[in-house]
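Each in structure tokens, the structures are laid out below.
Two complexes come next, and they have one chain in common, chain A, joined by chain B in the first and chain C in the second.
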Partner chain A sequence: MKRIGLVPTTILVLGALYCLFPVSWVVVAATKTPGELFSTATFSFGSGLFSNLADLFAYRDGVFWLWMVNTLLYAGGGALLSTLVSAAAGFALAKYRFPGRNAIFNVLIGGILVPGVVLAMPQYLLFSKIGLADTYWSVLLPQILHPYSIYLARVYSQAAIPDSLLEAGRLDGASEWLLLRRVALPMMVPGLVTIFLFQFVAIWNNFLLPFIMLGDDGKFPLTVGLYTMLAAGANQPSLYNLIITGTLVALVPLIALFLTMQRYWRTDLSSGAVKS
Partner chain B sequence: MRTNRLAAAAVLATALAAAGCGASEPTQPAPAAQPQSSAPAAPAAPVKLTYWTWAPNMDKIVKVWNDKNPDIQVTVSKQAGGDDAAAKFLTAAKAGNPPQLVQAEYQHLPSFVAADAVADLSAQAAPVKGEFSEGLWRLVTLGTEGVYGVPQDSGPMMLYYRKDLFEKYGIEVPKTWDDYAAAARKVREQDKNVFLGTFSSKDPGSFAGLSQQAGGQWWSIAGEAWKVAINDQATTKVADYWGKLVDEGAIDDMPYFTPEWNKALNDGKLLTWPSAVWAPGVLEANAPKAKGKWAAAPLPQWSAGENASGFWGGSAVAVSAKATPDEKAGAAAFISWLNTDPEAVQLLVKEAFIYPASTKGTQSLTTPPAYFDTQADFWQQAAQAAATARGFTFGPNVNAAYTAYKDAFDKALANKSSFTGALKTMQDATVADMQKSGFTVAQ
Partner chain C sequence: MPSKHARRTGGGIAAPYLFLAPALVLFVVFLALPIAYTIYLSTRRVQRSGLGLGKGSVREVNAGLDNYAAALSDASLWTSWLRVLLYGLIVLVLMLGLALLFALMLDTARVRLARFSRTSIFLPFAVPGVAAGLMWGFLYLPGTTPLKGVDFLSASTVLYSMANVAIWGGTGFNMLVLYTALRAIPQELYEAARMDGASEVRIALQVKIPILMPAIILTTVFSIIATVQVFTEPTVLRPLTNTIPSDFSPLTKIYTDAFVRGDLYSAAATAIVVAGISLVLSFGFLRVVKRQAFGESS
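Then we have the complex of A and B:
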């Protein structure tokens, strides 16, 4: 047993190091003043964390907070709406038989294969046509319909909701809407939390869509906002220390979200383990 | 149809200017709904303008204008700078929702004109023409009768060098590029960890500036067609020169503006940087420890006794072609103020850290930048570089040419192949891209 465990453990530890190394660099680099950033040893802490934070929050009258609120709105609102749509669509595809069901499902599978990056440009042109470019909706709407989440919701509801339970509900006279709300949704919660987290992280990290859609810097999410500080034009120095500190601060809500949602993840994993 | 939009625009502009001779009406016919009496400078209803720029602190400068001009209110939207901004503006213009005002680097302006994305301001901007040097004004007229923006800043090139380390290694400030090469070898003989300079395959703007100095003319308009000569004699000379130095290991080949480069500057491992007048800001941010140790000198020359420089960077402010006549008039008034009014230019220098395009603005600079506080004649040096800098006409697809530069020179560095070959690749890629976009290219 011990000998077998050694190899996977080593691989996992290496993987964890590989993932955590850049993050730890961000943590260390965020403490350095601009003078220390490129002149001190890579992993020695600097003395400028608080001045960096103060500078970041003072940058353009605190526009960083506005970007943070925007990002929370895009990621939180987008993920919530996306989860609801995916739940309803996945449940319907799993539990109802209707003409075209397989066709719709196959199109969705195809949709998974199309990277969102490819769609950003056509979406921008379409949104421009209907006058929605450069609005909050232009970033929210395209991220609500997410084929992979629907696929997950379908697979999950197929496995987690017994047909007999729905039948019993129908015999008792429950409407389909009531079945979805009171029977299906509660049983799907662990799966939905997974979908919510997936979507939240995806939207939080999304750069290209908001970059293309938005012109008004008051509507930027953090990714695009920080980028404007990096690409400050050839003749302007990049604000490296502010960007690194901004990246670090932007990680905090994500970490908080994962810590609070952790127990749902566990439920999800164990429920999968028990099922046969 | 797209054979030569620039020439067509020029003819059109001349015709319109002749037709509206003496009148101060905007050149574009006002829609019928517009009251005929509304003077362009003071529209009846307040005009709201959005301004895409990446200059730092532009919000503060615009606030000064907004407080004084309740009828023309400008909102700054800070964008990512450079090539990204240009691509984004072109896309927005095609989709029909561009901002009324946009910062445009000189090399991108021709692509805006070719896409009919920016307005001709020859009527509105005529009064400010005298505020700029001939060379800079040419960059916004593209050699036509039209005026496609008002110059904001410029980047004449100089040679920045580490005074203290030049003394340490016993090097004179190079007067010619031959001197520079000799100095590069001398440094290597004394210390294997130190380089006199580096060749950056990621900064086509720098290479373009050095080619301008040598007399290169990458694009020109010949009658109805474009002529592309990126591998002309002058540019080939420049590419050969740097290729040889890199090849023999006399200079380094790390790109500018990377953490590695910042570190080399901080550690005193790089002794020179042929760069533009905006370099002090970059050095101050990236190599704060070396404050007061750098100095500026004229760029080395190709033959002794010559006196030439080139431009790296610089931008103008352009007005969208989609703007209404009222918006155009307001926008023209605003950008004329922004780039020529003494108070505004002072703010641009102080808040946005630019080297102003306005001639009077450059003359008003006296105190050297803090990073160069030991060099009292910094701005005189800069003015001299500006006066001797050769520009060239940029073509309508600078983006493609610059991308080709990065690819080809990256590859040349990786394969240790010749820079002349890379230059040929860049020339071919640029011509192919222009032909694909429908421009007639003379061979």
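Then we have the complex of A and C:
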């Protein structure tokens, strides 16, 4: 029986090492001075972490700070709005019977299948027409609607909110709006946290939309900022340290969020709701 | 059927529509309208009269299906489709194969360090595609690679190096989806097979994988949609090498056509062609999802 345990353990540890390898390389490489990056052994720590960080945050008058704040704004604001919109829509689709319900659901969910660029390019042109291209709105607004979140919110309200509770509220004279705010939303919180996290990561990681929408580097999120650093510095090895350190700094908040919120990273919202 | 009480409260009939209103408004403005506009653009072209210099000498006119004909007969688009097809096959087979393998291994009894492995393999999910491209990019770059002597960015290897970035980034999420589905299978199902003396490998192949099939189909369709749209990896790796052309994938071609060459009309036609192919490839998806989640509720 011991032999059985050895094979899966080895396979999984190999997989884990493969996944940790680039991240640990970036952690080590970010500590190296430009000279050390090309001379010292791959996994030996260098002596330049603090000068790299100082250089990074001084880069072009501290534009990197701005990119971090922008990213937080896009991901935080966008995920919050997206979660509320999805919750209301999911609740309506799960708990009401009304004409057009299935048609609306199918149309909304069909949005999953539309490739990003088919939307990003005309969105940019339409935003340009009303003078909103290259603004915060142009990155924030298109990312609020997220069909998969609506799907998850529907699955979750179906499983987490008993009809009897809504009926009881109606008998007490509560309005539908009050039922949504005071009964449905609080009961959906665990599922909404999951929806928020998935959407937060999706917006944080998005590259195509801000890349197309934005021209002013003061409004860039980290992904586009890092890319422009690479595009400018790929032929200048002296800039590599800056880019590597920037990559590490961009990773830290998400990895911290990932490790602390582990129990919310679930892909089985319906069964989770029944159990808890 | 509307609920009796909902009807009595008056607001009950309108309520679901009001709750859906924000989503529907966003859908119309940021999804339906852009798609309609792309279709419109795809049937237009610029016409120049004279030297095309004076005011009013450049006009937008109806082009019918000319842009589509041009897109479909554009050899560079077909080359990029072939490239993405090979790239997609490598990514789909290896990423989903590894995800399935890891999920099955996590589900075996007596596995050690399972929590550590599961978290580590899922970790790349939290890494932005651009950051993943940068990290691997530096690991490939001759000056900074730990594997001296291997050219990861040559014309013949760059496709595989790019596929590795996508496999690294996507395996964990798919593993989690499959592992979650595995955990939902009642243990008694295996007990019977074990009583009959079936090995763990046999149970995995003949019991677990067939039950997992719907989840495998689901992750496959999602992965197809994602690989057809590959954009970040070639864009990020491109500054590091001259082996990645600007029309590497259909999406990078659309981007170059629209924003570098300024030909919105043919970019729009290509975008519709890409959307069409991706729709055809993923058509089965909705049916699978609906049967899975809502078969009993509607």
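Throughout what follows, the second predicted complex is superposed on the first by the 232 of 276 C-alpha atoms of A that agree within 3 Å, B and C clash if a C-alpha of one lies under 4 Å from a C-alpha of the other, contacts with A are read in each partner's own complex, and residues count from 1 in each chain.
Rule of thumb we're sticking to: a residue touches a chain if its C-beta (ideal position, glycine included) is under 8 Å from a C-beta of that chain, and two chains touch if they have at least 3 such contacts.
As the structure is a computational prediction, the values presented were derived from the model and not from experiment.
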Broader residue contact with chain A after superposition on the shared chain, chain B or chain C: C
Chain B versus chain C as contact partner of A:Ala231, first or second or both or neither: both
Partner chain(s) touched by A:Val114 [first = chain B, second = chain C, both, neither]: second
Contacts of A:Ile212 with chain B and chain C, given as first, second, both or neither: both
Which superposed partner A:Phe38 touches (first chain B, second chain C, both, neither): both
Which superposed partner A:Ser164 touches (first chain B, second chain C, both, neither): neither
Contacts of A:Ala133 with chain B and chain C, given as first, second, both or neither: first
Partner chain in contact with A:Leu125 - chain B first, chain C second, else both or neither: both
First (chain B), second (chain C), both or neither touched by A:Leu257: second
Common ground on chain A, meaning residues reached by chain C in one complex and by chain B in the other: 37-38, 121, 125, 211-212, 224, 227, 230-231, 234, 237, 240
Contact set on chain A toward chain C in their complex: 1-2, 4-5, 7-9, 11-13, 15-20, 22-23, 25-26, 29, 37-38, 42-43, 84-86, 88-89, 91-93, 96-98, 101-102, 104, 106-119, 121-123, 125-126, 141-142, 144-145, 150-151, 155, 158, 167, 170-171, 173, 175-177, 180, 201, 204-205, 207-208, 211-212, 222-224, 226-227, 230-231, 234, 237, 240, 243-244, 247, 250-251, 254-255, 257-259, 262, 265-268, 270-271
Sites on chain A touched by chain B in the complex: 34-35, 37-39, 60, 121, 124-125, 128-129, 133-134, 211-212, 215-218, 224, 227-228, 230-240
Interfacial residue positions of chain B with respect to chain A in the complex: 50, 52, 54-56, 59, 76-82, 84-85, 88, 91-92, 95-97, 99, 105, 153, 155, 203, 205, 257, 259, 262-263, 265-267, 276, 278, 281-282, 284-289, 312-315, 353-354
Interface residues, chain C side, partner chain A - complex: 1-3, 5-6, 8-9, 11-13, 15-20, 22-24, 26-27, 30-31, 33-35, 37-38, 41, 98, 101-102, 104-106, 108-114, 116-132, 134-139, 143-144, 146, 168, 171-172, 176-177, 180-181, 184, 200, 225, 228-229, 231-232, 235-236, 239-240, 251, 254-255, 258-259, 264, 267-268, 271-272, 274-275, 278-279, 282, 285-286, 289, 293, 297-298
